[in-house]
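Next, two complexes with chain A in common: one pairs it with chain B, the other with chain C.
Showing the complex of A and B:
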């Protein structure tokens, strides 16, 4: 081995060792930073999850008096389903569930159709389009509570008080949903729609057969938003429903809370029974929901 | 007019024709609905097969020997009230039974016998009229 090689080798080795040291240091800093993020995220996640945990813990406690007896604890001593059964026997839960499902289905299907039609029309150029858009944006600024009395009078005129359709009607369209769909429809190339028309497709087929297939994430977002706002609606059903048999779940929950004031185990059990369908719905559609939010944030 | 109606109908048929039966039936939403219906149906079938309201059990002492002639009382519990009491006595083998308790869901069972401490147990069934059995152990009073 020549001396030149020896010198080069020593330098190379030194350089490599330095680089490794720097790299290790970077890795260590990166790992510590990631660990920090993880710990913060974990603490936040636990903080957000705690109310739900408490809801489950109280709902799963039987007898409910044991909540106040002895030393309070955070642990889940036993998982007792009795409170849910008691709720089932105390109120006509299947009837309320049926009401909520029918009202929500009507609102979801109705909002998909009406929002799609509105969004499709807004993808076209026509005289006064900007005025219509401005009008829709302005309508967003009107507080919901202001619209309740006119909507009630109209529903009364239509003879839809105490009916599923009467409760679902105002939820059958919402402006945010129209704009979400409009943005999604705008992204579809015109050439594709032209090709469909050349193949003999009508405008209805272009909308529901072509555009719907290409705008699934936006439709899923629409479904989720319509589902959540209808399922959780309280004020509007309170105004239009006076017949107990026609109450949806949130109204039933409110009257149940009044009736069993102080019995937290039953109240929480009922709250979980109301909450479960929403959670299932979100879990089923979360991929589309997140995809739609991400797509909406990027403008290319 | 006639042509446009036929054209619309053809388009609608085309619209639904593009959906396959597999698309409609094999998805997560349908799976959740099917599982929910199957579980609910199974529970209903099980409940309807076991809801004669036959509630029974055996009363024994700490040594495991049957206690005859013990008085067993059950009292239904509602959320804010109590229902009427029903009582019976154990036979020579310590067995007791309450037939036709089809409205029973949550209740208190009180077992008394001279020379023993009376025992009170709070109990619940999982559906009204569930056939169930609860054995009670009595301890001698001091």
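Showing the complex of A and C:
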């Protein structure tokens, strides 16, 4: 009995060893294949990343004022901050930064409130809901930049030209954000809201006290989308702002390039100063950024 | 206040007693007011106003006079209009190019290997970067003398003479497309990756057992199942093409000789540089028809395929 067992066992062990051997081979092939993919992806990613590298390189290593340096080189020799400091002294950078921050804050906070209120309303069943939904879907197809001229005239009528609010106002609600919040609110069980109402909670408390706490990812998406589109906006501020003191960063950067035409080291330094806040935020919140942007475009 | 007195209180507040449903409607509409006000003010009213404006002549001082169809006739006398129209469509060509590149990258990154998430972020970064800054960066890279792109191409032996990227009309158009492709590819990549991960692995197993080659698996499994995702990409590409304004304005300012002008830059210039508000309203209507038509067509094609 024991001998038979031994035999069988040996056979089994042999089989297992064979399988492991096969597996090892596969693994090796797999590893090589993966390494290949890795190298290809690395090369492509570096190629894609090159403009950012070039931006840093030129801004941080080139003497300001040189229009064209002879042959471009890739290395990062002699890093210095001279260009950044000169930009700081040439223009009121803090003022532009302040404008951008105020406009973006207005848009972020404003859209959070208006989108939440609208989304909460849309979770209810009310008279005229279909009309509102149809209007919002249709409005989604009117790109704001198509109507930029009458929007400018309207802002003029409202007396909001050259104000932070005038720039921020159109960004203070966005339809996709409303829909994302609505989907998230819809997922909250009614029993929870009923319980809050029975405890005497007002509608405002139900929304901002209960639902906001339960819909944090959707709120984060709203903040990120509003932030990106307002911070980067160029056309609308260009139309509404003519006073240099009120320019947000993209406008300031564009007029800086005409003022220092040809002085690319300086332009690049300014560009970096403009990009740094967004890039830092992106690096810290990569997953949320990517998820938000995808949600913002692929709405159900 | 208990829940029982609540209706009485409401009755005191509203002389006409409201049913539960009506009360709910009232609250809902109150909540919608801020968002709808902004949407109506900045989407609906401008659209109607734009239509009105297209029949008017408007001075900088704000005086308007009725000119009938004159602004529309001006289209035929405007030599830049057709160019701008052509370029608007031409630059949309960056969407299929970017989607194709993104598809290739997505297939690559879908083979999970260490670091693929880092690569994904690297490809994605341009998408959230400010277009103005990107245009500034590329403007210098494209310089024919001392620009790094010409330098690299020469070093690789691909060209003998410097290409005048931004001062030749066709090279300038190509430059705009290159930058737009570079900026948007990472975004499509993310969407397509998500689409790829939604394809059940079993289908590939079955195809493999049936003896399908890698190419066949791609042609007959991946591509058809990815069609809705690619449709989304095309729609989003259309909607986000507004960024082209920033790009064209800063990179080429419509030049050389207005050869990279697109409808939106031409609308802006007609209104705010030449003061032809009425005529630019006509151009805006044309752009609106193109955009709305494009998105309707896209939605129609998609709904036809997948309902």
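To be clear about the criterion, the second predicted complex is superposed on the first by the 260 of 300 C-alpha atoms of A that agree within 3 Å, B and C clash if a C-alpha of one lies under 4 Å from a C-alpha of the other, contacts with A are read in each partner's own complex, and residues count from 1 in each chain.
In this text, a residue touches a chain if its C-beta (ideal position, glycine included) is under 8 Å from a C-beta of that chain, and two chains touch if they have at least 3 such contacts.
These numbers come from a predicted model, not from an experiment.
Novice: Sticking to the clash and touch definitions up top, decide whether chain B and chain C on chain A clash or fit.
Specialist: After superposition on chain A, which the two structures share, chain B sits beside chain C with no clash.
Novice: Does the superposition put A:48 against chain B (first), chain C (second), both, or neither?
Specialist: second
Novice: Using the superposed model, determine the angle chain B, chain A, chain C defined by their C-alpha centres, to the nearest 10 degrees.
Specialist: Placing chain A at the corner, the angle measures out to 120 degrees.
Novice: With both structures placed on chain A, which of the two partners, chain B or chain C, ends up touching more residues of chain A?
Specialist: The larger set of chain A residues in touch belongs to C.
Novice: State whether A:232 touches chain B only (first), chain C only (second), both chains, or neither.
Specialist: After superposition on chain A, A:232 lies in contact with chain C alone.
Novice: Now for A:90: first (chain B), second (chain C), both, or neither, which partner does it touch?
Specialist: Touch status of A:90: first partner only.
Novice: Touching A:255 in the superposition: chain B (first), chain C (second), both, neither?
Specialist: Neither partner.
Novice: After superposing the two complexes, find the smallest distance in angstrom between C-alpha atoms of chain B and C-alpha atoms of chain C.
Specialist: Taking the overlay as described at the top, chain B lies 7 Å from chain C at its nearest C-alpha.
Novice: Sort out for me which residues of chain C touch chain A in the complex.
Specialist: Its residues touching chain A are 1, 3, 21-22, 24-25, 27-36, 38-39, 41-47, 49-50, 53, 62, 105, 108-109, 111, 113-116, 118-134, 136-141, 143, 145-146, 148, 151, 182, 185-187, 190-191, 194, 232, 236, 239-240, 242, 245-246, 249-250, 264, 267-268, 271-272, 277, 280-281, 284, 287-288, 291-292, 295-296.
Novice: Which positions of chain A touch chain B when the two form their complex?
Specialist: Per the stated touch rule, the residues are 62-63, 81-82, 85-86, 89-90, 201-202, 204-205, 208-209, 260, 263, 266, 280, 284.
Novice: Would you pull the chain B residues touching chain A in the complex into a rising list?
Specialist: Contacts found on chain B: 7-8, 11-12, 14-15, 18, 28-29, 32, 79, 105-106, 122, 124, 126-128.
Novice: Within their complex, state which residues of chain A touch chain C.
Specialist: 33-35, 37-38, 40-42, 44-45, 48-49, 51-52, 54-55, 58, 67-72, 113-115, 117-118, 120-122, 124-129, 132, 135-136, 139, 141-154, 156, 169-170, 172-173, 175, 178, 198, 200, 203, 228, 231-232, 234-235, 238-239, 249-250, 253-254, 257, 264, 267-268, 271, 274-275, 278-279, 282, 286, 289-290, 293-294, 297-298
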